[in-house]
Structure formats: C-alpha cells, structure tokens
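Written below as structure tokens is the structure these notes are about.
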Amino acid sequence: MIRASIVGGSGYTGGELLRLLLGHPEVEIMQATSQKHLGEYVYQTHPNLRKQTSLKFSAPDDLEPCDVLFLAMPHGKAQHHINQYAALAEAIMDLSADFRLQDPETYKKWYGAAHAAPHWLDKFVYGLPELHRDEIKHTKYISGVGCNATACNLAMLPLVKAGLVNLGQPVIFEIKVGSSEGGASVNPGSHHPERSGVVRTFSSFGHRHTAEVIQELNLQKPALTISSIDLVRGALATAHVIIDTHITKKELWKAYRAVVNENPCLRLVKERRGVYRVPEPKILAGSNYADLGFEWDAANGHLVAMCAIDNLMKGASGSAVQSMNLMCGFDEMMGLSFPGLHPI
Amino acid sequence: MIRASIVGGSGYTGGELLRLLLGHPEVEIMQATSQKHLGEYVYQTHPNLRKQTSLKFSAPDDLEPCDVLFLAMPHGKAQHHINQYAALAEAIMDLSADFRLQDPETYKKWYGAAHAAPHWLDKFVYGLPELHRDEIKHTKYISGVGCNATACNLAMLPLVKAGLVNLGQPVIFEIKVGSSEGGASVNPGSHHPERSGVVRTFSSFGHRHTAEVIQELNLQKPALTISSIDLVRGALATAHVIIDTHITKKELWKAYRAVVNENPCLRLVKERRGVYRVPEPKILAGSNYADLGFEWDAANGHLVAMCAIDNLMKGASGSAVQSMNLMCGFDEMMGLSFPGLHPI
Amino acid sequence: MIRASIVGGSGYTGGELLRLLLGHPEVEIMQATSQKHLGEYVYQTHPNLRKQTSLKFSAPDDLEPCDVLFLAMPHGKAQHHINQYAALAEAIMDLSADFRLQDPETYKKWYGAAHAAPHWLDKFVYGLPELHRDEIKHTKYISGVGCNATACNLAMLPLVKAGLVNLGQPVIFEIKVGSSEGGASVNPGSHHPERSGVVRTFSSFGHRHTAEVIQELNLQKPALTISSIDLVRGALATAHVIIDTHITKKELWKAYRAVVNENPCLRLVKERRGVYRVPEPKILAGSNYADLGFEWDAANGHLVAMCAIDNLMKGASGSAVQSMNLMCGFDEMMGLSFPGLHPI
Amino acid sequence: MIRASIVGGSGYTGGELLRLLLGHPEVEIMQATSQKHLGEYVYQTHPNLRKQTSLKFSAPDDLEPCDVLFLAMPHGKAQHHINQYAALAEAIMDLSADFRLQDPETYKKWYGAAHAAPHWLDKFVYGLPELHRDEIKHTKYISGVGCNATACNLAMLPLVKAGLVNLGQPVIFEIKVGSSEGGASVNPGSHHPERSGVVRTFSSFGHRHTAEVIQELNLQKPALTISSIDLVRGALATAHVIIDTHITKKELWKAYRAVVNENPCLRLVKERRGVYRVPEPKILAGSNYADLGFEWDAANGHLVAMCAIDNLMKGASGSAVQSMNLMCGFDEMMGLSFPGLHPI
C-alpha cells in the first residue's frame, strides 16, 4: 500500500487522478490540495466522487510527506518548486508540461521562457509506457504526457517501430478534440452557446505538443492541426503520411499486431462491417485504452493512421497511473480496468 | 423609414436585434453601443453579420437622437437612465426586466430592490402582441418580455382566453431551456464540459419570470420549475393544470384554433403521426413563431399545455420587433419571415 | 463463482449486462445469444468490450444450462418461453416488462394483451433492492425494473417511506430522458438529424411505467409526462407533490437521510453552492447510483422531488446485477463500483 | 414570376428547396412530389413550413409542366427519366450526382455503373456560380453540387485562381461533417445513441465527391478524408497543400480578397482576436455563405486552407437557387438573404 497525494486536485486531471486512485487497491490517498476550494469536500468539485470519499481539499502549504506525489498544476508551476516537492516524496509524477521535454533549449523554444529547473529535466522519464516501459520501471520521476502528443505518438507508433516510415518526411496530423482539453477554467470560447456544435480549428500550426512528437518519435517534420468539436472527453489524431509503395498489407498488419500485442492499453480497430469499424473516442470515455487503426491507398502509399483516446485518461491521468503501476511494481493495468461505455 | 439605435449591442438579444433590424425593410440602424467592444465591427462579436454591415460599436456616451431606441442592457440598468434615453428618442423598447412589471411593489418583491423610476412603470406596455396588440399600437414605450414567462403565458393563453381554466387553482409549469438564456457572459455552469449533456434543474421555485405570468394571465398560483438541457436556443414550457371534466374536446380545439387564427406568430402543433407531433423548440431557431400544443386526460381533467419558442426571438428580440412593427404601423410580421430550419 | 448466460445480448441492456458481468469477480459468463449477430464477437456490437472478452454470440437455440439466466429481450417475449428458461437455470432475472406487474389484469390493462404465463407473475420479485431487498435475497426469480418507473419510485421513496405524502393525491412526474431509452433499433425519431438538440414530449400521459409506480409506491394518481432531450444515457424524474404545510425542514432532511443511509446506491445531492447542487444524470453514466434531491416551497407545501439515474444502469442492468448480488449472497455493490465520470 | 416544381420533396434537400422557394419573391411553387408522403401536407414532413404553405405532396406521376423543375431524388434516379422531365420543363436543376461529371467514363469509374443518359452529360453546367457564373447564365440545365466537393473546391479556389498552387501535387483534404449529409433515411450509424458525440472517420479514401474536385479545380491528386462529428448541418473542409516559399503574405491576402470581392456568397474569416477567428460551419446554418480562411507556415510553405458551409445550403439547395437566380436573370442572392444565427 502506497500513500499518494495530489497537488492541484480541483482541475480535471486532478479529478481523474482522484477517481482512479480512490479505486486503486494499492493506493491510499492522503491529501489533495486546492487553494480555491480549501476545506470543501472533493465531491463538491468532482460530483462523481460523492459517497466515494470524505476527503477535503487541503492547503498547498500543508502538504505532508508521502510515497508518491502527483503534481496536477497548470503548466509552468511545478518547475519552480520541484526541490520542495522532491523533499516531500520519494517519487514524483508531474502531469504538467514542465518536465516533458528533456532539452532546456527545446523547452524555451516551445514554451517561450527559460526553464526554471533545467538540471531536473533529464531526471524525468516521459511517462508513456508504450515508449518507455523499462525506464519507467526504474525511475522515481515521471513526467505526464500531452494529450494531443499522445494521440499522435500512438497513431504512428506501429509504423515507426516497424521502420515503415521515413522519419524525415512531413507527417500531417489532424486532431479533433473535446472541450475538456481546455481545462476546468471558463473562457469566452468555452461558453456553451459558443462551444456547442462547434468545428473550430483553433490551432493550425505550432501547437506545443508538437515538441513531444518530435522528441518521442524522432519525426522531423510533424505538423499538428487541431480542431475543437462538440465532445467533452476524447481526441482523435489522424496522421497522413506517405509510405513506400512496396510495403505490403501483410507488413502493415504485422506492425500493428505486434504493437497491440505488446501493450495492454492498445487495441487495433479495423472492422469490415458494423457501426464501429475505425477508432472512435466516444466509447473510450473513462477508459485507458488507445484505439489504433489505419487505412491505406496502396496505389500511392498514402496512409491514414488513427488513434483515439480519452484525453483525460490515456492522454493524462490514466497514463500517469499506468506509469505509477510500473514504477511501483504493480500490475500495469491495476485500477485502470474500466472499459468504457456503449452506448454513450 | 425609421432610424433605430441599440444600447447594449454586444449581448445575445442585442445581436438578434441587429440581425432582425438589418434585414428589416423599413428600418435604418444608426448605432449599436458597446463599451467593451468599442470601435470593433459588430460582425466581430456577431459573426453571422459579416458582409451584412460595416457598422462598428459606438460608445454609450456618443448615442445620438433617433426614432426608436432599443435598450438591450442587463437588468437594472435602464431604469437609472430612462429620462436620458427618453430625451433621445420618441419611442423606446426596453428588452430588460426593468419595465415589465407595472406595480413598484411587485417589482421590489421579485427583484429585491426599489425601482429607480417607479413613475415610468405605467407608461410602458408589456410587449407581447398576443396579449396587448391594441395598446402596443398606441404607445411609445414598450417593455420586452421574459423568455420563460412568454413560453408560459402563450402555453396557457388559449385556455385562459376561452375561460376554460380556474385562475385561482395552482398551475405547474415545467420549462426546459437552452444555454443562450443565460446570456453572453461566461460562468462556471456555462463552461462547455459542465453544461454539455446537462439536465440541471437550476430553479425549482421562485424564478422572477413568475411575476410576469401572474401579471399577464392573472393566474394566482403559478409555479415555474426550470431545467437547463443541452440546447443553445429554445425553450419549451409545459403547463400542468386541471380543467373541468365537462369540457369537451371540441371546446378545447375551438379555444386553440381561435387564438392561433388571430395571431400570425402562433401555430397549433397536434399531429397524429410523423416525428413532429408536438411543439418542439429546435425547429424554431431564428423564427418568431410560438408553437402551441396540448394533451388531455379526459377522465380526470389533467391537461398538459405546451409552448415552444426560440427564447432569443419570440422570447426577446423577435417580440420586440413585432411590437415595433405594430407601434410604427408596419405589417406585424415585417422582417420576421424566417420560418426556421429542418433539419437542424 | 456462478455461471451466467444472457439471452438477447446485442441490445443495450444486454451490452451493459455483459460489461458488468465481465468485470464481476464472482461471475463467469457462459453465453450471450443473438440471432442477428450470431457467430460475431460481442465486441463487434459492443465496441467497449474489445480486448475484454473473446466471447461470440450464440444461437438462442443453443442455450445451455447455467446458474443464473439473464433475459434481455424485447417486451412480450420472455413470458412465452419462461418454462423452457426455468428448466435451464435455477435463477432467472428478466429485464423486460413481462414479469414486473404482479396482477394479470393490471398487465392486460397497460400492455394491451393477456399475459401468456399469468401463474408465473407472483413468483417474480420486483428487482428494486431499495424496495424489496429482503424478498430479493430469498427468491430465484427476479424481474427487472422500468427505467422511468425507477426514477419516479426512488424520487418519492423517502417521502412515502416516512409517511410524509398522502398516497391518494395526484403526483405529477416530469421525466427528461436520453435516447438510449429507446433501445438499439433505429426509428425515424431516433435519426440523428431529428433527435439531436431535441426537446420532445413524446408521452404526455399513459406511459406503461406508470403501472410500476402505482404498484410499488401505492400512489393512486401518478401522472408521468416524458420528454426526450439531447442526451444518450440518463433520466431525471421530477415529482411535483403537495405535502402538509406543517411538515418541517428537519423532517424532510431526516426522511432523505434515512433512506440514503440504508441504501448504498442512493445519494442525496443538495448543495448550496457550486455547479452541482441538484441531482443530474450526466455524471451518472455507467454508475449504479441514483441521486436524490428536493426543493420545497414551505408556504404552500409544493415539494419538488428529484431522482437522476443512468437508465441503462440503475434503471435496468445495474439494478439487475445489484439484485443478483443480493440473491447470491454477494456484497450488494460487487461489480458496481464505477462511480461515473466528471467531466463528461 | 416563374413556376417551379420539385421532384423528391420529402428529403432534406427537397425540404430546403421548399423553404427557399416559398420565400423567393419571383417563384411560385406548383408541386412537390413524394410517393411516401402522398397527400400529406409538406409541413408534416418539414415542420418549419407550418403556416408557410398549404401545399400537399403530389404523386410523381401527376407532375405537370412548369418553368423550372428541381430534381431532388437519390443518386441514380434522374438519369433514367431525364427525357421525360425535359419534356415537362424548359429548365432543369438536378441536385443529385447524376449530371455532375461531364465524362461518362469518369462517372462509371466513381459511381460503379455506366451512365444511363451519357449524351445528356455535356448539356449540364456544374452549378457552382463561383466557378461557372457565365455558363450558368446561359444554360437551361444545371447540375447540383456535392457538398463535400463544394467545401473543398471553395477552400482551394483563391489559391488555384491566383495560380499559387501546383495542380499536380497532392492536396490532402480533411473534412468534418454533420449528420444531415447522410440524408433523411435512418441507418444504424445514424441512430442517435451511436451518432451523438461521434468522431468517426467513415471515409479515409475514395469518396465520390473527389471526382468533382478533380474535374472542377483540375487538381490531379486530391485525397478526401471525411469524419462525422456531432453536428446536424455543416461541413468544414481543411486543405493541406505546399506552396512555393517565395509566395508572400501579401500575395495570399490579395488572392483571397479578389475571390471574396467577386462573389457575394464568399467571405474571408481571418481575425486576430475574439472567439470567431476562423471559418466555422455552426453560424452558417440556413445561410448560403461559404466562409474561407487560411493559415500558413511561411518557413516550409505548408498552407492550411479552410472552407465552412451549410451542406444543405451552399452545398446543395442554396447553390441550386443561386444558380436558378443567375439562369433566370434575377439578383444572384434573391431569396438567399438569411445570414445565419448567433449564437446557435
């Protein structure tokens, strides 16, 4: 039984961590902090947790030592207090973007400011088990993942791993995302009358998660174009890439099957009939699965690779718990068994 | 050709007024004010108006004389400056709640503060043509209507007008409403991840629009219970009332047909087959129609009376333009011909 | 470990049963039948079950003996084959309406035809543990519950149980429901362009679930008015009832607290602040909780009692598994621990 | 005043034609046919038309001579009866795909069967005024447009017209579409519980509308990838194309402004602030505008060109009425003045 605490428990990733850890058989939650909701029951902010726990939000300054400390604060906060947090807990999982990029220069380029704790960057392992399972098992500092980056990275993983794609060529990622990606704070664009029914390409180029795709897959020219659609949870990344026309159907299936078989959270969705023939995020709400799929125009090598995830689960809190499981020697899927709903 | 200006042009009712008046053959829009969006094109706030007008928002202090001044400010503002506005325009249409209630004591009871210009209250006519067509034709001061009140009042109008309901008995109104009722400003409950897919009874009792139902229909015990549902525009009011069991089906149909025939914006929806058998707000988006319907349990006299409207049109800006038409001697439906869409 | 099979596994309640039973530590699923999808993997119909099971749909005629047989067929089927099913399994849980009503005459009145196996009616216990926990523990034949009936029954349960309501007076239930209530088969009204954004009162009077409210709560004059809204899973029942004006706030709280404390699946939602102050179905998707709430106009005794559920869980498959747990001597909440998601 | 009739009036494009022509000052509607809804009022199928018309659906066999005959049947029907229709009306507007492609071989390639009236193909002008305004003015036979093709063609029009793009290079179109694209008939994928909240890439390659992009823009390698999202009306096409890195920002703006200024239904949406900075389909519901936009990575020439439309308007019935206006010598925008709604 490990003791875990959450800094920044009132946001959406904090709420998902609470839900997952409350249901985790090997974890005892000690504290969840929130200055804004200090002293309130966590279920007043996260109403799904009513009757699950009588935990109240603690003051950030009252944080006590624990085994694993989850940091679920807005970007740019954790790096300023990392020494303090490291003094409180042996293991740290930071779900912000602060420790995802290993190179301080890269961080500065994408986040527009020098990193406040650059010497900490290479202590953190990027917390995507499908890419770093062994390193995660042997570290105490794990970084969270960007949700859009995760959808892109997993969409391309089978192709990259099997060496079926030239890393130097351009890859166009079209990503459709739900409103929970924007976090729990309101803004004019998240106002329901403006956000409902939307198809809004809010980022055509230069999204910060691009840096994680470059770092993790070693792709040299990824372009991410991201559109908001009417959905709360979920993201679908669609990669357009040209592969060699000599590559056979058999090789493609082999590449996907290999990756899916090695990774308990990956599934291949490629059916010939029925309503659900390709990956779709809606059925993944609350699940830690990433569903992969591909379509292919053999004549010209244009391949469409897809990955659907729940951005708050596999794209954030789910991957963090999965990484914690590996780090702690638990079963990789412990506490992550909810398969999602149908219909939803 | 009359010259009209709008005070408070950046909100949702202001935006609808702009759309309607820009398309009105007898109106020239002079100014629309907004302190927040001062100097910006109105189409930057109301993107549907792009290529419709090159009007920019004016400063409230730069308001110039015009023929009809529309006030579309938040509640509680217009009453403090009504003399000033009356000096600028011969005719005033106030879309807020400030001049809806004729009795200062009633205003104080429901709005929690003494009215700032009580002697103005009886100069205003309540701007629902279905109730006050003749008075509207002969006034220069018209008050807007509450959207929920309008749905309730029109749901009961045929029964009340035909004397089929005892005004002293309780009437339970269940109202389902879209998110545009909350206005253009964000709040935690309007954040898309929280508001999407919602069924939220935010007001079980005591909604301020109740006062307009009491005043206009003379019902003595109306109770309004209001629930947010996943919709942007639209409201459906369902009245539960007990009528005398001697009342015949024929009398009911006669009562509804009479009201529908006299009022160009009312329609009776009561079909035996097809998908659209009862009033529904979705097909009314952008339309000034109010769709009425009823179902009836003859055995015990329990009657369900329904009214669907677009809350921003018949429940706000549409009724205001309809009233302006009557006041100015134009055709009652001028500029209000858009019938709504199917599907939508 | 008990062996369970499902007849009619391709519908929505069948799919939920599969999800719940696959995750149940004391159940082994033997078969799920579907003539239409015979031989297909169950995850092709219920895509959330991919990588959860390699079960394929069996032919209804190939059903083998098991311990507990779940019948999840359309209404009117099970009663014709009940003897045959009873020969295959010691315990039967029928999720259709066939064995909900104990009186053959009542069945005929509401379902329009004589019951095919009237002598079986009193062998079945109505499977709502909150009303029949002890009987469920001692029976082998359990009937499922109507989703709308369950929302109504649980909304009124605290008041009825505490004797705070006169059973002879009229109770008006307004129910807002999602599209999954209509089942997995398409119809013109469920076509997305027609069903999206809808507020459609498809049943003003006479819904068949009314019979379950009369039978279970002994209310003599319940009226159910049901409206479709834009939601997939979920139902909110709102009961309007007049209580004695001498009843105090303290008595009301006591009545609710008693019921909530005795029943692990019931929660009281009554907050003074925050977004989630009243019961809402959206956060219950996939959960077996029923959230109760009430508001009260002390002056006239008008009480609004609310109950939100996931219609496929507490309103169908969840209650069935909860009942199975009681019947088999398992923990009442076994396999029902998913708390729902926020946001969703 | 011209007399117009509609064959196939009960579908979604037929319904939009009815709405538009009923509001058109120079058109009198004579007949709308529907075998399925024969004898019913058109407003029973298209509920927005209640109180707009007392027209009833006619039998297809009872079609009488008129000036302009609109054919709004499913694909593959009109070509079999075109001689018969041409005998009834001087002018024909066919909204199906039957006469869009001018080359019989191309038709066969994309639609899988030989064309039944190949000699008619070159008599029809492709009815997109932005590409064929002058030809439309001088023909009597006009073909409708594919909705996805129209979004793609207009997205690329400014670049192609200004010669800024190499027609031989690949262009990747990602298209997000609403459910009304699938027509008025139900299917398992359009069932609300399955279609709501969806992100479903139902066509990765080979969509038939590709042929219209090749024909109309002379692009040699367009690839259309189409995803269903949760929306009823609307489509957003996003084209990814590489342009010469020497092309300047000024040239791009000039290309877009030229096209937008020449075409009353095109608008450029490219704002630096506010919620609506890029083209979005939601505000176009019911409008005939196509909103264009672009973003550009100057470093590598990757250009993202966007076009948002209402698929039933500019992508179908709206373009048909616009073409009819040109053919008949009316103002191009006559009857097409509805600007769309905000919020919606």
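The letters A, B, C and D name the chains in turn, as written, and every chain counts its residues from 1.
The rule we apply is simple: a residue touches a chain if its C-beta (ideal position, glycine included) is under 8 Å from a C-beta of that chain, and two chains touch if they have at least 3 such contacts.
Predicted model only: the values in this text are computed from it and were never measured.
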Intersection of the contact lists for subunit C and subunit D: A, B
Maximum centroid distance from subunit D, chain identifier (CA atoms): C
A-D against A-C, pair bridged by the larger set of C-beta contacts: A-D
Mean-CA-position distance for subunit D and subunit A (Å): 39
Intercentroid distance (Cα basis), subunit C paired with subunit A, Å: 35
Residue list for subunit D, restricted to those that touch at least two other chains: 12, 180, 184, 188, 193, 197, 230, 232, 280, 343-344
Subunit D-touching residues of subunit A, taken from the complex the two chains share: 170, 172, 174, 176, 188-189, 193-194, 197-202, 204-206, 221, 223, 225, 227, 229-232, 234, 236, 238, 240, 274-275, 278, 280-282, 295, 297, 300, 302, 304, 306, 308, 343-344
Residue ranges of subunit A in contact with subunit C within the complex: 12, 15, 19, 22-23, 44-52, 180, 184, 232-233, 264, 267, 269, 271, 273-274, 276, 280, 283, 285-287, 289, 291, 337-344
Parts of subunit D lying in touch with subunit C, wherever the complex brings them together: 12, 178-180, 182, 184-188, 190-193, 195-197, 230, 232
